[in-house]
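Working notes for the structure below.
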Amino acid sequence: MLELRLVQGSLLKKVLEAIRELVNDANFDCSATGFSLQAMDSSHVALVALLLRSEGFEHYRCDRNLSMGMNLNNMAKMLRCAGNNDIVTIKADDGSDTVTFMFESPNQDKIADFEMKLMDIDSEHLGIPDAEYHAIVRMPSAEFARICKDLSSIGDTVVISVTKEGVKFSTAGDIGTANIVCRQNKTVDKPEEATIIEMQEPVSLTFALRYMNSFTKATPLSETVTISLSSELPVVVEYKIADMGYIRFYLAPKIEEDEEDKKH
Amino acid sequence: MLELRLVQGSLLKKVLEAIRELVNDANFDCSATGFSLQAMDSSHVALVALLLRSEGFEHYRCDRNLSMGMNLNNMAKMLRCAGNNDIVTIKADDGSDTVTFMFESPNQDKIADFEMKLMDIDSEHLGIPDAEYHAIVRMPSAEFARICKDLSSIGDTVVISVTKEGVKFSTAGDIGTANIVCRQNKTVDKPEEATIIEMQEPVSLTFALRYMNSFTKATPLSETVTISLSSELPVVVEYKIADMGYIRFYLAPKIEEDEEDKKH
Amino acid sequence: MLELRLVQGSLLKKVLEAIRELVNDANFDCSATGFSLQAMDSSHVALVALLLRSEGFEHYRCDRNLSMGMNLNNMAKMLRCAGNNDIVTIKADDGSDTVTFMFESPNQDKIADFEMKLMDIDSEHLGIPDAEYHAIVRMPSAEFARICKDLSSIGDTVVISVTKEGVKFSTAGDIGTANIVCRQNKTVDKPEEATIIEMQEPVSLTFALRYMNSFTKATPLSETVTISLSSELPVVVEYKIADMGYIRFYLAPKIEEDEEDKKH
């Protein structure tokens, strides 16, 4: 028997909107630790990892580990029917092939339950080793989203270059080129507006903007985003979810054409 | 000669937006009593009845009964040109084949008149007998609109079931099922937020969500909606229009497939 | 070397949005006087003239006259990447085939530079003689935009008729006719809400609404619009740009069919 009660139900709506552009079907894994998901995007290029720790739920009962295969678009359709202030409860009986989402309005006048069929989804759980990153950038998530969107109007890829002074986002396309530099800035009125750079060594990596733009669908979940970069590793774009957990997106860098050219 | 002056001109705009999805062409009937309309939707499944009583107009002159056939989309195009605070006057000369909508801005600086050609429309006026209903539900109109919209993302029909405790809206579709229960609640801060049930006997009826969603286009006209249900009768979904009248939508229930199955 | 620094960068964004529907490619001319443009629309019916005087820039350096051919849609794509409070600088080196737009956020934390390729565009600069107009109407720009949009839902052309009492906008189409009269009104709370008519003699001219609607894309640039009419001349629709200059649209009147008919 599974019963997870989340007072801040709108958070689950935002989680779904954050990942459903990238992933169609995925297994949600429930254990004593929490409610989690790990999935590759449909073109097997990016990886999403979600964790909502059990302590963040008002009530969390999970008698035995359970993996529930869901179609994320259908799940999002149901969650969109929850009011923004509704309490959301996820329920499943042992051995059942359905999951129930219950939405309670704050004054308990309106109670909805949506029952969704589960799916069998093959998936292997990848171990993601902890890694040391050459550079970690923390910046306002809305700023990062704006930059990815702006650069998409010029080119298809973004070069992210980190130095001690700041982080530079660059692109080039048929109509011209663009460079956007965000300077390190710790002295701001609100801590979530800071741009903070922790750097072991300078790094410059190229990524597909299409994926970066998908990742920024998670912007409503957190005021800040953390971008961790190393030349040998996929970038990690992380959005913290209140005190409950995170969504992390992983994307391998593109081999830059310039470097390729140099080899010839 | 006809001259109807309505200070709250935006009300007429809302009336048109409420019915034009359902009805293309219709006769507006003017008499000493008021300005009214009765029309079937284009697929002859639902009926709309509108009444704006003469007392609600600032000035109401109607020398003889007049039936004016109008294309509601064209009429809506013209009314959309009225400002939200404009005074609207409907004018027609006896025997004329046009109607004029005059819009005056509050400070009288801008005066517009739009003249529209009338149409000949065959229509028979149905007598709608007063009826006793098994159950009458009054609830916030925005809540009802939200429920119809939410259920439409899951299924095509809604079962409305009324008991003394509350009203339940249910649907089922390929991706799962949904039930939304609104409890009776008379103790609210604002009377228009109450959900009030008057019930002679429990009732459970099935309707096409497509039509219910069309009816909810009238939501801007009133903060509450009244749903009157009887097993032998079409449902009446009524939106009161200030102190002037109402829009009522009538829709016959569907014969439930479950009941059909039982007969076999 | 060219370097034009505009503190109110959002103004340049608005200028581009105002003209890019009408003009695809155009030469921007820079001289000691200012930054200007003159271009016919793609169907060679309407003319746009833009002037931003050098005094309006925080910093204005233009060593020699320069004509820069730009694709306005590409330029708009880049300018849309500027924040609304950003300072915008336009830079070009002598003999370069690119122009650079630099955007600085108010706190200097984010600095972007967008480099765009220039084009060779053939264009002849028309001398527009100063003219005497029979009637000049100054009115709120939002009112004028609303009228053009409203009339477009009824007809394709607008007749603008000016008398001492006011200005009348009329149209006719399949579904009927429309007349909107704005009375002269100088006694308003805010001067930008006035409708003021300077008239030598009454005038009544017909124009294509499609172009008038394109002109109203400049509405965000100014709270008022000035419409100058003479029976022998193209109408001038002018939007002042703060204290810096203007956008003027020129459009030849249509020969009215009624007049044509009278001749037969």
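Letters are used for the chains, namely A, B and C, taken in the order the chains are written, and counting of residues starts over at 1 for each.
To be clear about the criterion, a residue touches a chain if its C-beta (ideal position, glycine included) is under 8 Å from a C-beta of that chain, and two chains touch if they have at least 3 such contacts.
The chain list, named the UniProt way, goes like this: A, B, C = DNA sliding clamp PCNA.
Since the structure is predicted, the reported quantities are computational estimates derived from the model, not experimental observations.
Colleague: Mind checking subunit A (DNA sliding clamp PCNA) against subunit C (DNA sliding clamp PCNA) and telling me if their interface is mostly the same residue numbers on each side, over half, or mostly different?
Modeller: Different, since under half the interface numbering is common to both chains.
Colleague: Quick one: superpose subunit A (DNA sliding clamp PCNA) on subunit B (DNA sliding clamp PCNA) by CA and send over the rotation angle as a multiple of 5°.
Modeller: 120
Colleague: Taking the mean of the CA coordinates per chain, how far is subunit A (DNA sliding clamp PCNA) from subunit C (DNA sliding clamp PCNA) in Å?
Modeller: Chain centres of subunit A (DNA sliding clamp PCNA) and subunit C (DNA sliding clamp PCNA), defined by C-alpha means, are spaced 44 Å apart.
Colleague: Note the residues in subunit B (DNA sliding clamp PCNA) that touch 2 or more other chains, in rising order.
Modeller: none
Colleague: Mind pulling up the subunit B (DNA sliding clamp PCNA) residues that touch subunit C (DNA sliding clamp PCNA) in the complex?
Modeller: 71, 74, 77-78, 80-81, 98, 107-117
Colleague: Given the complex with subunit B (DNA sliding clamp PCNA), which residues does subunit C (DNA sliding clamp PCNA) contribute to the contact?
Modeller: Contact set of subunit C (DNA sliding clamp PCNA) toward subunit B (DNA sliding clamp PCNA): 143, 150-151, 153-154, 175-183, 185, 195.
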